[in-house]
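The two complexes that follow have chain A in common; it is paired with chain B in the first and with chain C in the second.
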Partner chain A sequence: MRYDCIIIGAGVAGLTAGIRCAKEGLHTAIISSGMSALHFSSGSIDLLGYRDNTVVYKPFEAIDQLTGTIAQHPYTKCGKPLIIEALLFFKQECELQGLFLFDNGNLNHFHVTTLGTLKPTYFSQRSVFNEEVYSRFKAMKKIVIINFEGYRDFHPQLAAAQLSKHALFANCDIVAKQIEMPQLQDDGKHPHEFRSVDIARIFEKEDNIEKIADVIRLAADDADFVVMPAVMGITNFNQIHNKLQSRTRLLVYEVPTLPPSILGMRIDNALKSRFAELGGVYIAGDKVVRADITDDVVNAIYTNSHPENPMEAQCYILSTGSFFSGGLVSEFNNMYEPIFKLKLHHEPERNKWYNQNFFHSDSHGFLQYGVLTDESLHPYDSNNNIIQNLYCSGAIMAHYNPIKEGCGSGVAISTGYKAAGQIVNLLKHMS
Partner chain B sequence: MKTLEAEVIVIGGGATGCGVLRDCTLRGIDAILIEKNDIASGTTGRNHGLLHSGARYAVRDLESATECIKENRILKKIAWHCIEPTGGLFITLPEDDPNYHNRLLEACKFAGIDAKEISVKKALSIEPNCNPNILSAVWVPDGTIDPFRLTSANILDSIERGSKVCTHTEVERIMLKQNQVIGVQCYDKTAGEYLEIYAPIIVNASGVWGQHICKTAGIELKMFPSKGSMVIIDYRINNVVVNRCRVPSDGDIIVPGDTVSLIGTTSRKIPYDTIDELVVDDDEIDVLLSDGEKLIPNVSRARVLRAYCGVRPLIAVSGEMDGRDISRGVVLIDHKERDNVQGLITIAGGKLMTYRLMAEMTTDLIAKKLGNSKRCLTHKIPLPGSEKRVGYTKKIKYFSGIPNSVVGSTHYRHGERVHNILSLKKRNYGLLCECEMVTLGEVEYAIKNLKVNDIVDLRRRTRIGMGPCQGELCAYRAAGLFTEFGDFTPDESTKLLRDFLEERFKGVKPVLWGDGLREFEFTYWIYQGLFGLGLVEDNNT
Partner chain C sequence: MIKLENISFDHCIKCTVCTIYCPVARVTHLYPGPKQSGPDTERLRIKNPELLDISLKYCSNCKRCEIACPSDVKIADIIQTAKWRYSKKELRIRDFLLSRTDLMGTFGTLFSVIVNFFTHLGIVKYFLDVIFKIPSGRTFPNYASGTFTRWFKAVRKQQSTYADKVVYFHGCYVNYNYPQLGKDVVKVLNALGKGVILTKEKCCGVPLIANGYIKKAQSHGRHNIKVLSSALSDEKTKIVSASSSCTLALKHEYPNLLELDNSPILNTIAYITQFILEEFEKGNILSLQPLSYTVAYHSPCHLERMGSAAFTIELLRKIPALTVKILHSECCGISGTYGFKNEYYGISQSVGNELFRIIEEAKPDFVVTDCETCKWQIEMNTKYKVVHPISLLAEAIE
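Showing the complex of A and B:
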């Protein structure tokens, strides 16, 4: 079988690219080797949160400045108009799956973290940011941060202490409460070893919501705002959120948790079902291991499960992520990109890969390492030749630090969207 | 200013100092211990955890070998819960001098070490991962010992019997009146206050830091620090200790310990002023991995978890600068004899294996000075946890309802004290650290009873954060419990989390490649990306 486009990697970058290709009528496949970084994410879309360790309030102005100064940055290769177009596209595609993303217009907004710190971001889900949350946050009198007995991955008292330091909450009483879930039936699972998904499953049972809401209402006492770990269901989260708010008559707010990230899983689900709806082929649990390249053109790729059967396409997108996701591999004294053996940007000496402290203000060098590409996102091979029908997107790209700059998902969406656009143009032009 | 009084002040919470405290306590001497960081945080906690049979010393140093095997037998009785009597092998590689094998057997016989020659086939059946090309093998009664648990058990026993321990308290100077010591001035780092402790006898058991302690009393004591580095492999790739049968050198031993294996050790002279900022050099890692691979070829395929180093204190007895007087054995100095300073004793040198013997020698001298005629009992009275020897299966039966793995791990780490930790309440045995099977109950017990001041201390008592993920999820889970079970505000708990991650990173960065780099990227992603922990201090200002 020959595809128009095969995308290797199903993170934000790969799925965005896949949706765009499929939507434009290309016969598209995505090969996913496992859970993407979305499962470990905040579930908000960070566009550009920090520049030189300072919080960015106006991300688009900051992008203008960035693209004017850092030639190699993926945002520079995309350009602001395309970034805006990509964000809008992403928002609309998610919305079609019932996942609503809210933004603050031209401004970043902030979401509360598990620790109670505030992080700048661009899009958030309704339970994390919306107009009502925004308007009421400012006049808040009392906030209650709750956790469910048995959930080890959230300490509301730590979050409360941290949050109350913020100037925004100077006149606000923030209290921490531990509540018991009435619905914890003994299903063999140790009731003190719950992870976010275990609790999300309890929320997903329709009969449970009213009881949970009543317990929350009781714990909230005279507070007008309830903050809880993000466990309000993976699938029917909109109904759960509405029901909880209407029955408690409170604003209920979700905080992204330690992995697995329910908020991230919602996005993952939305993107995957959108891709499927558009006729895309999703190949799960297989890993691309090598490629057949002649004269700077990829002829076929081969996977772990089918080492002898080539998979062929006119164009390919590589969006396999960084080291954590396996897109880049490091060894004792060396680094490489395992599928196409692409040219990397990195320091050869191992002791340059990291900084002296975990929380060093310059972050760590290896986070900026990755594949070198030209303006059109074509990568270079080891002989410095462009591979003509291969494009790169997302965290595998060099010259940006997703954590330090707070721009991981923004870069993934923009480069995924751009890579797909290049292919669409190319193939339409040919036909 | 706060003041305390005692008969004896012990400076240094390593194995030796804690041993002295316990010995004093058992003889009814009123003693107090001061440690500038945590117990076992210096040299004690930075060795390879080998329960020496003495075979490694037998050829070159018969006296040390004899001491080792004697203490080996005592420790197996009084501290069985800190020990795994795995046994050990000395293997001869094709490139090694084949005669060393016979010299070793001969020397072991002299030292009273029960070493025996075994066939290569037998050796490979005992240790299937061992290099199959070995020429010969010797079995010895080596084992493994956990220095953290051993030291902690000494402290626990002393506290339970009424002695006082001040950790995270640094001695600023020794106070003298004419030629007699009268006490120490110190700074309590946790409380942020100074205190004075008065006592007529001061024991300087601060290892390599003893040079500095002596200096505050106007005494010159010259240390020659030697750095030893080790790497930890993220699997228990061997079940018995594997030694290379040759004159001891770099990278010639692999010791299993709990869930991991450890390749030891290098030896490098370092300047005294660098002892507080030791780093493992890249070429040390190269040597350890390439030589470790010769003993157990699987080493090259396993993930390296971390690298760390300790500093051996070698001491110049007469205070002269040339190497002639440097002793490698135990050094007990009565500064009254040496420097005419009454009441000050320095105990240094030696090794973890002989900590009890060193403590006995020191306490004998203390007792003499105080006119105390009680005999040493530390070789007879078991440490807390080792009171009774009850088998693993019996414990599992006793705690039926709690998963076997949880009972097993808790019993393995705390011996009989498992009864002070586990209960059938579900919250008690819920896991916080899946890598090392550490429960909420164990964390609660440690915070309340084992002098735990931060998550780093907690790690030494429980192994939390010592597994493959190096504290990725459990560090946060544990941090909050300091507020629940300890005397910590939420902000302090958050700071503990940050400090812990910084501390873990020290051992991770020298080996940051492969899966280790992936794991670090994930951890960084969580704590900086998801939590913004690095921003916390900025928020405060």
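Showing the complex of A and C:
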């Protein structure tokens, strides 16, 4: 099969790149082996949350400072103007699928984590952050954090206790409540067996919403603000959110749960549907296992299911992620990139890969490891040659720490967008 | 001893993504989901087979869990293997008959008029329901009045006049129920300049595996590998199949589930749309007439598992004037013989509801899909006719 562009990996980076290529009229395929990290994510898009272990409030100023000091950082390779363009592109493409992302202009905002801590982020979904939440926040007297009886992946008491400690909530009463959802008992399954997805599917049934809203209203008592685990549906979440708010006459706000992440699945859905709508070919459940390279040009790639049938493209994007998704592989005392055997940035000694203290402020070495690329995101092979028609994007890239810097999705969007842009320019120029 | 190659369950990180995308777990609490039935309880079963949780029988083997899994765990294979290795064997006439597609087919085609008449009678369906536990709501596929292989005898000579040959694995459905699809395949392959060779194939084994007749499936598998590889040695050529599940069996189920060595044929088997696209790319392009239909394309689970749905979509896009609406990938629910059993019929129907809804929403002229059982399920539950992509291609050749 021949394409203009083949993207390996369907996380935020791969899907952003795929949408841009397909939108520019390129015949594009994405090959994905298993579902992406979005299923384990907060569902907010972090741009740059921390620098030197302090919270970043003005991410673009911090990016200016970062690009001036860390030459190898993916943000430096992208540059601030492109990052801004990429974020706007991502926001607009999501909007076309009915997924509205809110930001605070030039500022980060905070979303509440499942443990009740506050985390700086740049884009959040409407049910997690919006103008109304922002404007009414300071006058809030009482917040109720609810959970559904039996649901084990969210603990409102924990979240309430943690939130109450925060200076922002000094004048606010935060109460945890369990509510019983009658629908949970309906089909004979024990409520303890329900995961976020099961509850989200109950929310998705139209006839259930009013009943659920009434139970929530009752539990909220005299509070003006209700926080609940993020289970307001996977597809029709806008209608559900509107209905809940209008029937309860309360502000209802979602907090990410333990995986599977409904907020993340919404983004995954929106991006995949957008890619399909633009005519992109999405190949699920197949794994690229090797590549055929001559003279620093990739001729073809081969997958697990079709080991003898080449898939060919003019350009390729590698966005297979880091160790968790198999983009990088570590063995006892070595690590490698399995498809193209690219040159990696990493410490050779195993004891430097990680920190003995899991929560140490220096984080872990391995989070910075990855593929080395040039300014145009071309990777190097083991002989230090640039592979000319291959680009890298997202978590497979070296020289940044997505956890410590709080920049995972921002880097994925920017580098995915940039890689696609390079290919679009190149192929348009050729024709 | 645990065989080292069978410990893919150990790669499971308990992320639950498989259970999110399991169509059965979505509609019923009776099935705890692929994570629990597969990797979670496999370690217990290895310790002590008595620890088998029988709820794994609700797995329909659609393999969507394996597509979703980020850690490459062969979840469906683990469940299928556990099903026949650990569960108690009971003799069930119904399961025996449903899984013997070639036996039933031979009988059905001989007396097709009578058989088709009776299987559509309400009273007969009632008795099938009560005695055999075959749901009366289920519409049976008709048997053809003559087999595909009998028709082929008349054209065999002419096929040998082509210099290039292709081995065609037609499967039971084409042979006994719908020879027209086989004729369309022959027509398309001939138009590409390829003569068709048939072998003395047996049922690929998919229904036997699903009903727990593993020894029988293995003997069919061994037979098929033998006849197909000897056909290959006569002619340097490829094996094609137009049934997504037969192709999956030949390529994946034989080595992974039945522990058969299919290496002599493995790399020569291609699902037919992939084979045709490769011919196109070599410059052997069919000239196609415009077909001004709007079709909705449904990708079958087993085709997706092989990463081959993209080939069919690509091929459909080559037909001039054809508008193809790609349906969001959903399981139709029938899963072969699963939807023909009373205990699963309700689940099967509920699983399919979402697909039926999006088909109605797409308002196509008709639906296109690669799988015969998906076809039965969609035709029974929507007002649309279902056409195989190769039949559509054959129409465009005229």
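Here is the rule we use: the second predicted complex is superposed on the first by the 425 of 431 C-alpha atoms of A that agree within 3 Å, B and C clash if a C-alpha of one lies under 4 Å from a C-alpha of the other, contacts with A are read in each partner's own complex, and residues count from 1 in each chain.
Just so it is clear, a residue touches a chain if its C-beta (ideal position, glycine included) is under 8 Å from a C-beta of that chain, and two chains touch if they have at least 3 such contacts.
Every value quoted in this text rests on a predicted model; they were computed, and no experiment measured them.
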Partner chain(s) touched by A:150 [first = chain B, second = chain C, both, neither]: first
Contacts of A:306 with chain B and chain C, given as first, second, both or neither: second
Partner chain(s) touched by A:173 [first = chain B, second = chain C, both, neither]: neither
Chain B versus chain C as contact partner of A:85, first or second or both or neither: neither
Contacts of A:40 with chain B and chain C, given as first, second, both or neither: both
Partner chain(s) touched by A:114 [first = chain B, second = chain C, both, neither]: first
Partner chain in contact with A:353 - chain B first, chain C second, else both or neither: first
Partner chain in contact with A:162 - chain B first, chain C second, else both or neither: first
Touching partner for A:193 - first (chain B), second (chain C), both, neither: both
Most chain A residues touched (candidates chain B, chain C): B
Residues on chain A lying within both footprints (that of chain B and that of chain C): 40, 193, 259, 324, 326
In the complex with chain B, residue positions of chain A that touch it: 37, 40-42, 113-115, 117-119, 150, 152-153, 155, 157-158, 160-162, 165-166, 190-193, 256, 258-259, 322-324, 326, 329-333, 350-351, 353-354, 356-359, 361, 363-364, 366-367, 402-403, 408
Interface residues, chain B side, partner chain A - complex: 282, 426-427, 429-432, 440, 473, 476-477, 479-480, 483, 489-491, 493-494, 498, 501-502, 504-505, 509, 512-514, 517-518, 520-522, 524-536, 539-540
Chain A residues within the chain C interface of the complex: 1-2, 29, 31, 33-36, 39-40, 187-189, 193, 195, 197, 201, 259-260, 265, 273, 276, 281-287, 303-309, 324-326
In the complex, chain C residues that touch chain A: 15-17, 19-21, 26, 28-29, 32, 66-72, 251, 267, 270, 274, 277-278, 281, 304-311, 313-314, 326, 328-329
